[in-house]
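The two complexes that follow have subunit A in common; it is paired with subunit B in the first and with subunit C in the second.
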Partner chain A sequence: MFEQLISDMHVSRMLPEILVLVVALAAILVDIVTPAGRSTRPVQITSIVGLLVVIASTLFVHNNGPAFGGMVEIDSFTIFFRVVLTMLTIIIMAVSENYIQLVKIRIAEYYLMLLFALFGMMLMTMANDLLIVFLGIETMSVSLYALVGMSRHRESSNEGALKYFLLGSFTTAFFVYGIALLYGAVGSTNILDITVYFQRTGMNLPIIAWAGTLLVLVAFAFKTALVPFHWWSPDAYEGAPTTITAFMSTAPKAAAFAAFLRIFYVGFGEVSDGWTTALWWIAVLTMTVGNLMALRQDSIKRMLAFSSITHAGYLVVAMLTYDVIGGAAMLFYLVIYGFMNIGAFLVAIALNRNEDDDRGYDINDYKGLAFRKPLIAFLMMIFMLALAGIPPTAGFFGKYYIFSAAVKSGFIGLAVIGVLNSAVSVYYYLRVVVTMYLKERDEKTEGRIFWKPDMAFAVIVCAVLVMYFGIAPDQLLKVATASIGALW
Partner chain B sequence: MLPRDFIPVLITFLVVGGFAWITLLATHLLGPKRYSPEKMDTYECGVDYRDDARSRFSIKFYLVGVLFVIFDLEVVFMYPWAVNFRELGLFGFASMGVFLVILTIGLLYEWKKGALEWE
Partner chain C sequence: MMEITLSHYLLLSAVIFTIGVVGVLTRRNILIIMMSVELMLNSANLTLIAFSHYLQNIDGMIFVFFTMTVAAAEVGVGLAIVMTIFRNKETLDVANLNILRN
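Entry: the complex of A and B
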C-alpha cells in the first residue's frame, strides 16, 4: 500500500517548484556567508540565476499529470503560469538592487520573500485541491505582508502592511469557512470530486454548498482586489516599496486569477449560471469604481494602483464568459498587463523625487519630460497607451479579445460598459502623456532622475514586449488558448 | 436528524466535558484549602496578570516562542516517522533528511541573524 502511495506522488513533476525552494535555501546560505551590512548583490544574482534555471526546467522538462495523489495537477495551464510568474519575478529582482539601496531597505530578506511568494504563487496555479490553494495563498500572502512593510521607517509602509495583513487574514477566514462548508456538502476538498458532486446536483444545490461557493468567491475577489473587496489595495500599493507595488499588482494577481479560474471553471463549472451573475455585478463595479477613483489622483503611484483595480475588472469580464475564447483572452491580458504595468511602475520609480515624501510621485514632476529625457518619456508613453488600450500596443489587442469574447458569449451590455470604462480611462492615462509632451518644463518641480542601467534594460524589455505582442499577438494568443484548453 | 457518523464526536464531547467537570468537582471537594495571595492569582506564573495590554515587552520572548514551536513540531513529526521507520524505507529516510536539511538552514539563519543571543 505504501509503495502505491509513493508511486502516486510523482515528486519529479513538481521539479520547478522544488527548484524554487532550493534557490531560496541557497540564497539564505549565500546571505549567511556574506558579512553583515554588505551589498545584497550576491543574493540577487543567486536568485536570478536560479530562477532562470527554473524557467529552463519548466520549458524543457515535460512531465505532465497529477502529482501528490491528485492534490496538484501539472498541465499546460500550470506551465503557462509557471513561466509568466517566474519571468515577472525575475524582472522585479533585476531592478531591485539599486532601488532597495536608494530607499535604505537593503536586506537579503527582500529577495528571499520574493522567492517564497513565487513558490506560493506556483502552488496556487497547479492546486487541484482547495486545501492546496489555501496553502499557496497563505505562503504568498505572508511573504507579501512582510514585503509591503519593508520600508520600516516610513509610516505609510507600516500602515499599508497592517491594513493588508488584517484584512488579508480576515479573508483567509472566509476562505477556510468556505472550504469547510463545501467539505460538509461534498465530503471532499478535491476539485474533481466537487465537479462530480455539482454534476449530480446541478443548480439544485443545498444552501450549504451555495454558501461555501460564495465564501470562496469573496476570498478570491479580495485577493484580486475586486470591488467591493478592494479597500486594502490602494493603501497597500501606496505604502509598499514601489518595486513591490509593481510586483503585487501583476504576479500575485495573475496567480490568484489562475487559482480562481481553475476552481471556478473546473470545480464550479456546473453551477456557472450562479457565479457568473455575481461576477457580472462585480465586474461592472470593479471597472467603474477603479476608474472613478483613478481619475482623481495626482500621484502616479496611486493612479496606477487604482487603475490596476480597473484592469482586474476587465479580467473578470473575460472570466465570466466561461468559454475557451474568454479564458484565452484573460490569459493573454494577464501577460501583457504584467509587462505594461511593471514598465509604468518602473518609470515612476525613475522619476520618484523622494520615496519618503507623500508627494514624491506627483504628476507635475513629469512636466516637459519629453524635452528633458526623451527616451524615458517615449517609453512611458508606450506604457500609458498600452494601459489605455490604444493600437498598435498590445493593450489594444488585450481589450479587443476580452470584449469580443464577451460579445460572442452574449454579454453585450457588459461589453458596452467595459468599452465605455476603457474610454474614461484614456483620460487619466493620456493626461500623463500630455504632461510629458505638451507642458512647459518647470524647474521648480524637476528632481533627480533615478535611471540606472538595470532599470533602463528592464523598462526597455517591457516596452519591446508590449509593442511586439501588439504587432504580432497571434503567437501568444495561440499559447494562451492551448493553456486554457487544459481546463476543459 | 444528526448524521450517524458524528456520534463518536458527540461522545468525545460528553467524555471530555464530563472529565473536566468531575475533575473540578473532585479537587474542589477533596483538596485542602490554604490560601495565599500568589495562590489566588489566575495563573501562578509570577507575572502580574492584570496589567495594561499596551505595555512593551522584549521581542526576544517572541523569537524564543517561534523557535520553540518550530522545534517542538519537528519532534512531533519525527515520532510517527521513527515508529514506522522500517516500513518507510529509503524513501522515508530521504524525506526526513530533506525536512531536517531545511530546518537546519533555518537554524543557521537564525543563529547568524542573532536570534539566539539573549543579551
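Entry: the complex of A and C
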C-alpha cells in the first residue's frame, strides 16, 4: 500500500530539480570546507559543473508524465524551459566570479541564491497546480530579493531590493487571494480541474471565478513587469548588481511567462475571450510605455531595464494569439531574448567605470569605443541590432514570427502597433551603435575596461548564438513548436 | 441569533484585504507596509479556510500552511533588507528612498 503510494508519486520524474537541490547542498559543503576569506571559485565551479549535469539529465533521461499525484507535469514544454533556464543560469554564474570580487560581494550565498532561484523557476515551468506555481514563484522571488540587495553597502542596491520586495510581496498577496477565490469556485487548485470547470461553465462564470482569474492575471503581470504593473522593475534592475540584472531580466521572466502560459492556455483556455482582451490592452501599453521611457534614458543599464519591459510587451502579443504558432514564436523569442539581453548587460558591465558609482553606465562612456576596443564595440553592436530586430540577427526572426503570428490570428491592429514600436526602439538601440562608431573619442569619459577572459567568453558565446539563430532559425523554431504543442 | 454563513466570512476577508491594499498604498513606513501585506495574506488565508470548510475539501487548509510558511520566509528576507537600509540611511520612510528615479 505504502510502496504503491510512493511509486505513484513518480519522484524520479523530477530528477533535474532534485539534482539542482543536491548541487546547492554540495555548494554549501564546498563553501564550508574552503578556508574563510578565500575566493568563492570552488563554489562557482561546483555549481556550474552540477548544472551541466542537470542539463545532461534533462536531455538524456526521458521520463515524461505527471508526478506527485498530478501536482506537476513533465512534458516537452517543461524540458524546453529546464534547459533554457539552466543555460542562462550557467552563463551568469560563469561571469560572476570576477564581477562579485570587483563589487565586494564575494560570498558563496550569491551562487546558492542563484541555485535556489533556479529551483523555483523550474518548479514554475512544470507546475500543474496553483499551489506549486505559488511555491515556485516564491522560491524564486525570495532568492531574488536577497540577490538584488546583495551589495548591501550601496544605497541604490538597498533601495532596489526594498522596492522589489515590497511590490513582490504585495503581488503575492493578490496571487494568493486570486487562488483562494478560484478555489472557492472550482473546489480544487489543480489546473486540470480548473479546465474541466471552465468547460462546464463557459463564459458564464460566477463573480468569484472572474475575480480570481483577474487577480491571477494581475499577479502575473506584476511578475513579468507588464504595464501598468511595471513600476518596480526599472528600480530593481538598476539597483541590483548588474550580473543579477542580466539574470532577472531573462531567466525569471522566462519562467514567469512559462507558468503564465501553462495556467492561461491549459487552465483558462475556455475563457480565452476574456483574458485575451485584457492582454491586448496590456500589450499595447507595455510596448509603448517601455519604449517611451527607454528613449529618455542616458544610462545604458536603465535603458536596458526599460527595453526589457518593451520586450515583455512583444511576448504578450505572441501569447494572446492563443494558438500553436504564437506560442512557438513566444518560446523562440524568450530564448533569443535571453541571450541578446544577457550579452548586452555583460558588455555594460565590461564598460562600467565604477560599480559603486551609480552613474557608471553613462552612454557617453561609449564614445569612440570602436577605435579603442573594436571587438567589444562589435559585439555590442550585434546585441543592439538583435534587440532592435534588424537582420541577420536572431532578433529579426523573433519579431517576425511574433508579428506574423499576430496577423495570422487576426490581430492586425496589434501587429501594426508592435511594428511601429519596434521602429521607435531602433532609435535608442542605434544611438548606442552611433556613439560607439561615429562619435569622437573623449578622454574625459574613458575609464578602465573590465574585460576578463570569462566575460569575453560568455559574451562571445551569446553573440555567436544570436547570429546563429538569426541565420538558421528553423531548428529552434521546430523545437519551440514541439514544446508548446505539449499544452494542447 | 443570526447564523454565520460563508458569505460573512468572504465579506470579512474582502474587507480585510481592502484594508491591507489601502495600507500598502497610503502608508510610508516600511514596517507598516509589511504589516499591511500580512493583512492581505491573512485575509486570503481566511478565504481559503472558509471555502475549505464550506466545500468539505481539505486542499484549502493545506494551502494555508504553505502560505504561512512562505510568508514567514518572505518576512525574514524582507526584514534583512530593512536592516541594511536602516544601517545606511537611518530611516524607515519610503519617501526618503529616492535615489533611483527616471
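Heads up, the rule we're going with is that the second predicted complex is superposed on the first by the 484 of 488 C-alpha atoms of A that agree within 3 Å, B and C clash if a C-alpha of one lies under 4 Å from a C-alpha of the other, contacts with A are read in each partner's own complex, and residues count from 1 in each chain.
Keep this in mind: a residue touches a chain if its C-beta (ideal position, glycine included) is under 8 Å from a C-beta of that chain, and two chains touch if they have at least 3 such contacts.
Model, not experiment: these values are computed from the prediction.
Contacts of A:Leu51 after superposition: neither subunit B nor subunit C is touched. Applying the stated contact rule after C-alpha superposition, one finds that A:Leu147 touches neither subunit B nor subunit C. When the two complexes are overlaid, the chain among subunit B and subunit C that reaches more residues of subunit A is C.
Once the two complexes are laid over each other on the shared chain, residue contacts for A:Phe2 go to subunit B alone; subunit C is not touched. Within the superposed three-chain model, A:Met14 lies out of touch with both subunit B and subunit C [touch as defined at top]. In the superposed model, A:Ala259 lies in contact with neither subunit B nor subunit C. After overlaying the two complexes on the shared chain, residue contacts for A:Leu346 are found with neither subunit B nor subunit C. Touch criterion not met for A:Ile92: it reaches neither subunit B nor subunit C.
By the touch criterion defined above, A:Ile484 reaches neither subunit B nor subunit C. When the two complexes are overlaid on their common chain A, residue A:Ile28 makes contact with subunit B while staying clear of subunit C. Residues 2, 6, 21, 25, 28-29, 31-32 of subunit A are the ones touching subunit B in the complex. By the touch rule above, subunit B contacts subunit A in their complex via residues 87-88, 91, 101-102, 105-106, 108-109, 112.
Of all residues in subunit A, those touching subunit C in their complex are 131, 134-135, 138, 141-142, 145-146, 149, 152-153, 155-156, 158-163, 165-166, 169-170, 172-174, 176-177, 179-181, 183-184, 187-189, 208, 234-235, 238-239, 293, 296-297, 358.
Residues 10, 17, 20, 24, 30, 33-34, 37, 40-41, 43-45, 47-48, 50-52, 54-55, 57, 59-60, 62-63, 66-67, 70, 73-74, 77-78, 80-82, 84-85, 87-89, 94, 97, 99-100, 102 of subunit C touch subunit A in their complex.
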